[in-house]
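Letters A, B, C and D name the chains as they come in the text, with residue numbers starting at 1 for each one.
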């Protein structure tokens, strides 16, 4: 049975999205009320009230939520399915299970472990997977299992299969915290849960290898990072969060990279937190972040 | 009759706040639905779901809104008054009427006039009032009436009375865009509409005269501005918006002031826009900004 | 004779750059001292002390500067030319002459005119050139000549020739404040002074037409702007300044564009100010900004 | 003998400050040249070229620096002492020795230890001192000595004496990384090295206990942090660095505190790095940060 936390006990998070039409907000609100729920937070957005898309996130409290969940879910199916609306209902006292994949850079990994230890990320972390071993000691000092899955050689399929086997059924989402291997579409299909990636970003964009060297050569005045969901289009998935820091001509490429690491860890942490709190709704290649 | 704009035609903005209890969201949503409204945007916040305060802003579209408004208002009174909830309903195609009061500094004034001319502020500007004359020519170039009300001498009551008479019944809110006279509690009572003020802000705070000189002496690394509603406690009213810009040791007090002017005009403009769009709910000495 | 301002009277700005070697700082400092100058501000940067490039900006005061300039210039030539160093010496009381080219969007233009009127830009503005007429009245209200040079049809050479003729000998640099015509390499050669351009920037970059629509489709969380010198590679010249503002899913493409306009005008103004103050040194496709 | 690092080998950092007069830059540059030094970076600032204060930081390379230091110091004394200028010369390959004092909050402490481990702080850390024990295990995992000095009871003089004894001769500066005991003027005298403190900062300032609760009650839209040198005036010493993060009405006091922790650790880290790199010159109650 999934672990429950005392925080957020008896609170549910309901996500609804689909084609907009009059009355959805009222139907959802009536449903919550007739199921003895009390709205704590409600965010709603319509891309266009006439023929656009509807997005809603509601957190509501409901005494005895665990017992009532099946009834509420049945009511949701009966009420929303006929309207063509997708929905999900989660018990906020059940933290999501998050795996982290990492290569050699530890800055994003340690930031996540640290925030988790401080109680700021509503997740459990059943495992860290790396194609290197340098972070193993740190990870285990946090009391978290570390699995080494080497990814040498041109054929990554064996490594991907082993990673997929480790993740299978054990995690709700995966964070690529500077995991420097390209993942195949087959792997993404096999894993079947959302993956969140972080990568450096510049104005203008520098594509390909050695981006910090190129940014230095171009003399950028800002360095940035983008956290996004992973899709089969590399680095092109829906953006969750972005941020930048200022740079000057006096920064070496190494300085840009070091400074960029602080932006990366902050941006990735926010994206992970929002995902873990069910604040992010994917919609085509965009996200709605409530 | 008030001017209507084509933008936001048939859109209403409903603000509801008061003691939280289960079912408010459902009651409001049902009300909108039974009055043929369709929710465009909904923001809701509870300071504490058990015994806290409830705040909601709903924008909804409703064909033929102008004709239907009295019926909707009657329904709101019947539905929400018994629950002890305060509410307001505005037709979004009717811009608010905004007066600006200013002394000699023109940066905030011109920013507001400019944004208004670009169609970015949903307001009309029936008048500018100043205790000086240096901005008259600029103001009239924008086609806006300018009234000069001198405020010399220790007794400001005559000037305040004349300003109150100019404003009376003609405006929905007043912006103090660097108006450097202290306003009496009697004046605030007489005016009877919200006033928004902008003032410089520093970490730490420097109280009294010559704040930029004091900030220079202390070597601050940030300069800021705060926009707030005016209350009888000078500069202590509910904060609407704040922002900062970086400073260095190389800035003179004049440089700090010049740089601060850009923060002030940006912060005040955002506060004015949010107020004009009914996004700000006052609650004690705080604001909820949706 | 060029106009002089009281501000910065008897202050000179010296820029030195070229291959680094030991002793340049000492040679320049000794030169200033023996010419009765007193250093006010000195910034120096070496890309690499061994075999890299040297950049220096010195502001120094010197009583009777106007009379002494030729002697100082002769000393500079004698001292620095043998070291293979490029240098420029400017009298800071002589403002640079800046032309602005603009199409229909007025936000960058008005910001510059406004800052200029407030005395914050050390420039004179002998002319505004536009391929449209909508900003003419505003420009002339600032007391500045406005020249309309239409640029219709596929052949822009006639328009470019007329613009080049207007600029010839009359300006020290040109600002493209949302001038939406592509300028030919021949035009850039004919003008012979630096041009500064502003354009929107996103993470990731969106190339080609309708960038705000593309940014909306991708759901960007930041919108940015980049000011750069114009080179024959369109939008690829040395970056002077960049900045961003946050965006959310609730922003329409029009909202992104309106918000982006505020970033553009701030970024362009800073770039213009720094150029006008001789703070920017071009070096290949980079800038050093002191 | 002090540990030397390979980074910055043969680089010296010279700080000069005092009353401005013509020729200082030239005298310093000539001195460096005649001692076979080559300027890497030079920053200079005058509060007022006529009768103001002069500040300069020069990094220069000099083969065989360790051997040459005494001669250079003698030359500096002979050259600059007669001009009434204070100066310091440091070998950049010798890291400063930094002690950290901490109470129960670990966020600033861990950020510093982490940056140090990543090689981003040019310091050694001979000891951590705490009046609590909860961080001992983390500290020792980094291989750093942890000393527990309880500070219970009204009389802190015994604890302060023990801390002073531990620090005596062993450190070059002390960081108060959320050390929640007030330090006596006697202690500051006894320690005799600079202390850097971090504290929360708000617009407006909230003085005394429970600042985050007060900030919540006031509805602030920004939360900030200030790093400063410790003087006998509590929290009023020269500011080194400041920054802010945005907050909304939806933040609880606990949320404000958690978010504030991230600002605190970033601001303190930058202040520590700049101090360790000799970039900060104290001048009265201000700092010059190069």
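Convention: a contact is a pair of C-beta atoms (placed from the backbone, for glycine too) under 8 Å apart; a residue touches a chain by one contact, two chains touch by 3 or more.
All values derive from a computational prediction rather than experimental measurement.
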Chain whose Cα centroid lies at the greatest distance from that of chain A: C
Chain copies touching (chain A, chain C) - same or different residues, decided at half shared: same
Of A-D and B-D, whichever chain pair has more C-beta contact pairs: B-D
Where chain A and chain D are represented by their mean Cα positions, the distance between them in whole Å: 37
Length of the line joining the C-alpha centres of chain B and chain D, rounded to whole Å: 42
Interface hub residues of chain B, defined as touching at least two other chains: 41, 45, 250
Sites on chain A touched by chain C in the complex: 45, 201-205, 217-222, 224, 226, 238-244, 248-250, 285-289
Residues of chain B touching chain A in the complex: 20-26, 28-30, 32-33, 36-46, 49, 56, 61
In the complex with chain D, residue positions of chain A that touch it: 41, 107, 110, 114, 118, 120, 141, 250, 258, 262, 266
